[in-house]
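Next come two complexes, and both contain subunit A; in the first it sits with subunit B, in the second with subunit C.
Presenting the complex of A and B:
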């Protein structure tokens, strides 16, 4: 499977709320981040969870989010802090909004 | 505050108020070691009854109250029970019968045979 995203791509996490086992935490849904690392293709854990073989395999990415993007000032963190999460490709869309100055 | 989602399960708690993180560590207790060993035996070949993602799915399906009130290995134990029935390795009746047997033995002060 060809990787859908490249390192440095700006992405947004899908806001789907499917029933069942998902590997994307709710607090990141709809949040915008940057692809930091391609972790390779893996059997889809959301299928493995139901005894299926997990095909087609999905690319897993490390995606970096600014804490400000995730928490909008709620909570204790320093300016410039980030959070990195492993997100599977089917939870990501290209972020086509204009780049904000940072 | 995390966005509320209709399908959000009890493990999906990122952003919820939860107080300080408990960083206390302890040596695994005997019962924790036994639960761990049982999980390894059920997960390894030649049995390999389920994979880690099925274990996660089962633990996430616990009621919010059970999820909140159960320790890490209690959650494993509940998941094992549920998956053994789901995979038709054991029936609920078999588990209940064996539990009654063990409880009766303990009441007599017998402990393990």
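Presenting the complex of A and C:
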């Protein structure tokens, strides 16, 4: 299987709100992050939850987000702090916005 | 056991199950009644015995933070093991006769410049086979919602001081991986044996809400 994203790719989490079981936390929807690791291919939990075998398998990516990207200053964190979550491939799109200077 | 149901389910429990142990509170929540009903039916229909259920409880009681502490202490004293553990958590703990079946175990090393802290905002994902059952606070809505948004406040409440120069990396355990934090080895422990080092490894230091105990 060809991996959809590679380590270091900039991605954005889709903003869909489908009915039923999903593993994508709401607070990360629409947020931009970077692929940190490929966590392997897994049966799709959104199908497993309803007694289906979960095929085709989906690649699970470990995606890192700057705290500021997620909370826009409205939290208690230091400038370099981040949050990392496992996000399935079908929840991610390439982030094509210009890279912000850091 | 006869189940003669009455319309009014009062506290006399007229339908046959025995008295509750005096140190266990009377069930009040739907899920508690559901668990009791399911357990009694499984026993009554001879799918499971009470002994088998008790043995499972005892098996889970044997999974505890001391198991995780052994892994950490071994990693602190054996660089080769540490490298293999960080590269592949499942294979690493397998060397110690442990397993995390069906899940990918990822071991995250804390350093002077990077501090990992684990949360499951969706539910209560936790590396149970090597740390046992999670503490109640780990499953609370308060910890789950605050850890990702105000990690520095949460760490301060745990008495954990991470300098702002280090990155706090909050790991939201949202899917099929389970995470074990490898805390930093405390200063002043040169030459310590694995067993002695393991006494410094608290449960919370492997969740990342704390650092390892000072010697």
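Everything below uses one rule, namely that the second predicted complex is superposed on the first by the 102 of 102 C-alpha atoms of A that agree within 3 Å, B and C clash if a C-alpha of one lies under 4 Å from a C-alpha of the other, contacts with A are read in each partner's own complex, and residues count from 1 in each chain.
FYI, a contact is a pair of C-beta atoms (placed from the backbone, for glycine too) under 8 Å apart; a residue touches a chain by one contact, two chains touch by 3 or more.
The structure presented is a predicted model; accordingly, all values stated were derived computationally and were not measured.
**Q** Could you figure out whether subunit B or subunit C reaches more residues of subunit A?
**A** C
**Q** Looking at A:20, would you say it contacts subunit B, subunit C, both, or neither? Reply first, second, both or neither.
**A** first
**Q** After lining up the shared chain so the two structures overlap, which partner does A:30 touch, if you call subunit B first and subunit C second: first, second, both or neither?
**A** first
**Q** Regarding the shared-chain residue A:45, is it in contact with subunit B (first), subunit C (second), both, or neither?
**A** After superposing on A, A:45 lies in contact with both subunit B and subunit C.
**Q** With both complexes superposed on chain A, which partner does A:71 reach: first (subunit B), second (subunit C), both or neither?
**A** both
**Q** Just which bits of subunit A does subunit B share with subunit C as contact spots?
**A** Subunit A residues touching both partners: 25, 27, 45, 71, 74-75.
**Q** Residue numbers of subunit C touching subunit A in their complex, please.
**A** 104, 106, 121-122, 148-153, 164-177
**Q** Help me check something: in the complex, which residues belonging to subunit B touch subunit A?
**A** 1-3, 5-8, 12, 14-15, 50-51, 53-54, 56-57, 60
**Q** Of all residues in subunit A, which touch subunit B in the complex?
**A** Subunit A residues touching subunit B: 17-22, 25-30, 45-46, 48-51, 71, 74-75.
**Q** Can you list the residues on subunit A that touch subunit C in the complex?
**A** 23-25, 27, 39-40, 42, 45, 60, 62, 64, 67, 70-71, 74-88
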